[in-house]
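Order of writing sets the chain letters: A, B, C, D and E. Residues in each chain are counted from 1.
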Amino acid sequence: MELPPAMTSRWDVERFGVGPMATPRQADVLLVTGYVSLKTLKRIIRTYEQMPEPKWVLAFGSCTVNGGIYWDSYNTITNLAEYIPVDITVSGCMPRPEAVIDALQTLMKMIQSGEAGAYKKYKENYEYYKANQDRVLKKTVPVLGQTPKNDLEGKDEDAKE
Amino acid sequence: MIELLLVPLITTLVLAFFIRYKRITWTLFLAANGFVLYKLYSIYGIWNLSYKVDTAYKILGAELTLGVSNNPIGWYFAFFSALITLLISLFSIGFNKNSRSNVSVIWMLIIFSNLGIFFAQDWVTFFMMWELMGWTSFFAITNGKDKALDGAKYYLALSLFGAALMLIAISVLAQYTGTFQIFASAYGLLQIINSSTKLGIGILLLFLTTFLIKSAIFPFYMWPQKVYSEGPEDYITFMSSVMIKYGIYPMAIFIVPVVGSADLPMILNTGNVLQYTIGYLGAISAILGTILAIFQTDMKKLFAYSSVANMGYILLGFSSMTIVGFEGSLFHVVNHMILKAAIFLTLAAVVFRTGESEMHKLGGLVYRMPLTFMTFLLGIIAAAGIPPLNGFGSKWMIIQALMSKRMVVFAIAMIFASTGAFMYLFRALASIFLGQLPDRYKDVKEVPPTMAIPMFIMMVIMLLTGVVPGVVMKPLTSALKAVGYNVEVASWTTLEGSLKNSVIDLKIVFYMFVAGVIISALMYFFGNKSEKVPQNDNYTAGEYPEEWGVDADRFNYSYAFYQPFKEMFEPLLESVSIDGFFASIGRNFEFLSSTIQGLFKRGEGAVLLFSIGVLLLILGGLII
Amino acid sequence: MMAVLRVFLFGIFAIFIGLLFMGIGRKVIARIQLRYGPPFYQAFLDVGKLFARKSITHNFVMDLGMVMALGGLLATMLFVPIAGHVAVKTSTNLIVIMYLMAIGYLGMAMAVAASGNPNATIGVSRALTMMLGYEVPFFTVILGLIIVNGTSSLELISQSQAGSILNWNMIKFPLAFIAAEIALQAMMGEKPFDAMIAPAEIASGPMVELSGKYLGLAFLTHAVSIFVETAIIVNLFMGGASNIFTFVLKQFEIYLITIFIEAVFPRFKIEQAVKFLWTVPIGIAVLQLLLILL
Amino acid sequence: MDAPSYTLSKIAERDNLAVYELFFGPNHPGMHGNFGYVLEMIGTEIVKVRPNAGHLHRGFEKLMEQKLWVQNIALVPRICVVDPDPNEVAYCTAIEKIMGVDIPDRAKFIRTITLEMSRLTSFLMGMGALGAALGLYTPMYIMMADRDLILDLFEWLTGARIYHIFNIPGGVRNDLPEGWVERLNEVLDHLEKRLIEYDKLVFENPIIHKRLKGLGYISKEEAIRTGITGPNLRASGAAYDVRVDDPYAAYPYLDVKVITQDGGDALTRAVQVRLEFEETIKLIRQALKEMPDGDVRLNLGNLSMLKVPKGEAYAKVESSKGEFGYYVVSDGGLKPYRVGVRGPSLPAGLLYAQKHLPKMKIDDVAAWMASLAICPPDIDK
Amino acid sequence: MKMQKSDIVKLLLDRGYSVFDLYHNQIALAVKKENLLNDLIFLRSIGFEHLSFITAVDFIDEGEFEVVYHIWSYTHKVHILVKVRVDRNNPVVPTIINLWEQAQFYEQEVHEFFGIKFEGNNDLSPLFLENWVDIPPLRKDFDTREFSIRLYDAEVDGGDR
């Protein structure tokens, strides 16, 4: 949510040549702004995989590092780096626009010095990431080991109707 | 001279005899065609050839002499139409491979009547050949397809109507001028107009209506889409590229000279009344054809309307009554013949492989039929009038002519139509060949060589006539010169407009284009390499389409392609309701035609038709 | 050999000027929006970066189309006289230029439709509709000038305005200039006529699947089209120029006007845009035409 | 010829292949926040809509049951990021209702001022988003810069730009700092001046009028029946405002002017926001003038050990998008037993998408969403 | 005609409802699930036209769910909480989508988070969660902290650091 101010008149990241692009095809940097719910994670992975190389990920906010304030929520992941490779993270909830600009500039420097190459890691360790993704996205058994009795019955009845 | 007609006629009979042996018939067919083309080529420039039969009859005070002669404009039409017809019929071999019927007879008959029309020396021969062509096409359209009957009947009724008008016109003209000879009667008509304007214009309009019907010009623009939508694809290729020009030829040799030199009331000191009438008909056809083509969902109907629009261009060229416009129109006749044949052949190929002509049900065929795609691409670039392919030169000449005569409205109509052409042409390209390939067409293959070769030749011809327009322009200008127009014989690559400093060298345009593409390609290769991804890997706002039950079929934007644009025209089209009006006329014609067909089935039709003709002749004579 | 070099230089020059204009245009818009804005050479950096990246293609039509797009526009560019210079000696026929320009658009349309993304196809459908919208008024304007000068050669029309500023068609036919300016706005695809790339509606339409060098080529195509279109207007209405600097300066003035309009207008829906283009500029152009003819 | 457009849905029934799907969101430039519609379309016209919510579901209602009463104050503003303060106020009001305490008047006024400031930021963002949805980016940039002025004031007051965590059960955290009020007045003056520019750029722009006129019409009856609240309701002609009907904070002491219009379409809604923006500035001025002196918080003991007596309450606040409601159930323990959240965007975002988007053009979706000020996080929670 | 809150309470008491007076303009109303629809129709007919939202509370100790309908009257300025208690093992409540259209989504939400079934509502598909196989998350016996730790390897006191 601090992204709009960062892009607009007061901070204006465009002066560093950074601008928003409409689609993943045109983008260099994927900004994951804040908490990532399971449903979003799935879309983020697709978006990330659609981006052409070289590509970088900027994780934005504490929530992407360790879940932040939502660390014990049943629907948000706690560490984004387990699912896609993150180049740089900005801490804070929400980080200030200055922090975003600083991160972008650091990322630029890292790219120039060749430090930021997390997308290569994704290729090399694809199995690791894939396994983590599948574990959270394609559950088939309840995590807590209980059978949701009522729910199943309910669903069966739904199907009959 | 006569052998040019006799050979096809005899071959037709022989082919009918051997109809069961496809191999033999096609060999014979090719041989006969080879002879025809050779013969046509060899009689180029020998304009005094003719063959006459003096019947010694005297009808309506005019001597009835049947005959054929080699006239320059006729040769121009005949040569190129024979060439294109040959290519189409070659394609037809492959296209009809699996069907039982043998189409070679019909093709031979068509070539015969084709030559007959273009070389006819007198109106009676012309009329006979004209009718022969009409009936042949009726059978060819209905060949094997029941659904096609409706359209065919509509077409038949319309052309019978036209034929009746022409018969009246011929008889009246013969009575007044005392001759059936086409060229002689043109001078006669000119004198009639100068003495009795109303009568002259009346006769002229009767002729004009007939030709308009044949060439599907407003207000008779409905038949192509009716016929094409269900007719056999190989035959409608011929119809749309060659047969639709039959109305243009008599206009070029008969109407335009008469209107151009007649002393009629002038409008805006740029042209006379009839000239403007022709111009407006052309402009309306061009605009209406374009707009209607934009709204079609069936690809064959789309290109049917596109043909209407192109006939409109040709009329606009005529209406300028300048030599550049006239040349441009006749040049466009051939260009349109070539590019329409190319386009319709690819459509036939698509239908041949998929059995589908609704555009929104197709898609992504470029993956499976690259050659067809390339032919189609070149075809639509040509049809859109983009250099360096053909179609540009002729359009450019027509626009130049219109501008030099200050015919502002017509020039704007021309630009509207040719820009609108992008819309429908691209829509066809995108919907048929680009986009997502539906699963059910996963196994579609490229067409067999017998069909691919004609398409390839078409591509070459399009590029050749685009870069070296002299191939067509040289014979055309020498023909015009031979007829008596004041023209220079064109050079190989340059075209000359009528405005100041308007000479374009298509060779340079081509070089420029190549240069541009080379620079651009350098840029392309300079960039980092690209990675090929499967068709379904698309930007979907991050969603997984398959999880929402969306397959390739449901991820194609092709139905109602120009919906917003269409909504702009909806009130207009509804209020004017031209379509509705003509649909009702069409229904009446269908009723008429089914009556006629009923008679025909009982074997009385031919007799009846003949008697009607004779009756009309006599009546015409009595009235006058 | 010289001709080849000359053609090459003209192409590079057009690309350079176009990209420079784009960069400055972004800066100007940023200033209107109370921002600092990117450096004026940003467009060069962007294009360089895009060409250095890997890209994604769906099939060969995409490659072919993008090359055709830039190639077509470069070819058009070679026909436009720049301060009296033309790449190759030829008649600079306006109709040829307008038709040649179309091949660039066709190539672009083909490339993006080949990606099979409905967003892109909607964008193309809008772009083509828009084309019909602006070609008609623009041609009406051109028609007037052609009739006045009796020639369709851009060079001759430009030369006919030589001398004082009062000879400029802009002064002589102000109505035509206004109509052409509106049509130019649509031609460049700037607001309010940018329905084809509306990001908020169809995710930037035609650009949606372009990545890396394809997007780079699209950028260059846009740059060249800016150059060509402004050059046409300068030749038609501002009397060309005696040297290249004045010419580019005049071009930039024209571009600046479109940028100013772009910054303060939202976009029309496509049907509204076409309706607008077919009423206001055509009306003005026809009025001018009548004044010329009568 | 294609059949005319009004039979498009019939075509969809007959010809499955005439229909295609378009994914509008979650990752779409026209979509604010992660939210999506799967649009079934013919041509550019929408035939059917399948809303695709839940990308921002973080399970707030569950998380709140896990945390202490005051810990939750850090959580609630995150439900609607553009307009965070109504959440805090509603949550605290609900607790205060259950506890049966009345907070000091000065606290009430400070709450009101922060609420209205938050409304201003939200309106600025909403108006900017409306322009951006139509391709007009300039006002968006300018409005964002102006919004920052208010955020700076928030930072001065609370230490945070967005998540203020300023309201606590029993009042507000601290009193207004010195010089803050003067600065606020300056900012308000500046905004009033800017309003003229906004008018010229957005609200008097003929193209915007053309685009928004008649778009997404909602009648008064329909709006009331389907639970539309806030400016959208008032733009349909119903003079209902929680600030007047069910006053909280200092609103009983202020004259809130309820503005209504009869249009019910997107243009009216846009103008409604603009009119209420002006009214909000006046309201802040009035509150600043009438603010009494005194304490700003009740002493409720150690807040981290706060125990709320058994009971339940529903507290609602008029946010910039409509009625924000918190239903709090307490079992007398250290943590809430159950908190139910009513976000204002659900009827518009889900129901109206299904009802009104069909027959609309793809061109209008973003503008329609912006005009209804749909805020996806408060749908997903 | 505007009614005072006391009038409404009296009217409701007369009709035999069990009414709890909550705060200055809030009333809680306990109804039986058989009568729910009729009662809501009645309330709507006397001017309670605005359905704020529907939520549920899991009273696990009593083995019951309580579905709460929040209804507000613009004319009387009174808020009513209509409460229905259902058995936790067979949670079925009649649907009110014919009364208020937006109830569709609230019912979907309540079904998703509590597993309460709404009789007569044919579309109770999940609205927010994807691929959820555990017991409905807002039930009291669902431990989100445990879930988060098991699935996402969340650190036990990650939120506090």
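Details
Throughout what follows, a residue touches a chain if its C-beta (ideal position, glycine included) is under 8 Å from a C-beta of that chain, and two chains touch if they have at least 3 such contacts.
In UniProt terms the chains read A = NADH-ubiquinone oxidoreductase chain B; B = NADH dehydrogenase (Quinone)( EC: ); C = NADH-ubiquinone oxidoreductase chain H; D = NADH-ubiquinone oxidoreductase chain D.
These numbers were taken from a predicted model, which means no experiment stands behind them.
The set of chains touching chain A and also touching chain C is given as B, D. The innermost chain, defined by the distance from its C-alpha mean to the mean of all protein C-alpha atoms, is C. Set against the Cα centre of chain A, the chain with the most distant centre is B.
Chains joined by the most contact pairs: B-C.
Distance between Cα centroids is largest for the pairing of chain C with E. Between the Cα centres of chain A and chain E there is a gap of 34 Å. Chain E has its Cα centroid 23 Å from the Cα centroid of chain D.
With centres taken as mean Cα positions, chain E sits 72 Å from chain B. Computed centre separation for the pair chain B/chain D is 63 angstrom, with centres defined by C-alpha atoms. For chain C, the set of residues that touch two or more other chains comprises 33-35, 53-56, 118-119, 122, 199, 203-204, 208-209, 212, 269-270. Counting partner chains per residue, chain E has residues 128-130, 137, 142, 144-145 touching two or more of them. For chain A, the set of residues that touch two or more other chains comprises 8-9, 22-25, 39, 42-43, 47, 50, 52, 69, 72-75.
You'll find the chains touch as A-B, A-C, A-D, A-E, B-C, B-D, C-D, D-E. Across the complex, chain C is touched by residues 20-22, 28-30, 41, 44, 131-138, 141-142, 145, 201, 205, 207-208, 210-211, 361-367 of chain D.
On chain A, the positions that touch chain C within their shared complex are 8-9, 12, 14-17, 19, 21-23, 25-26, 28, 50, 52-54. Within the complex, the chain A residues that touch chain E are 38-39, 42, 66-69, 71-75, 77-79, 82, 135-144, 146, 148, 150-151, 154, 157-158, 161.
Residue ranges of chain D in contact with chain B, taken from their complex: 1-2, 4-5, 8, 11, 15-21, 23-28, 31, 36, 38, 41-45, 50, 52, 361. Chain A meets chain B in the complex at residues 23-25, 42-44, 46-47, 50, 52.
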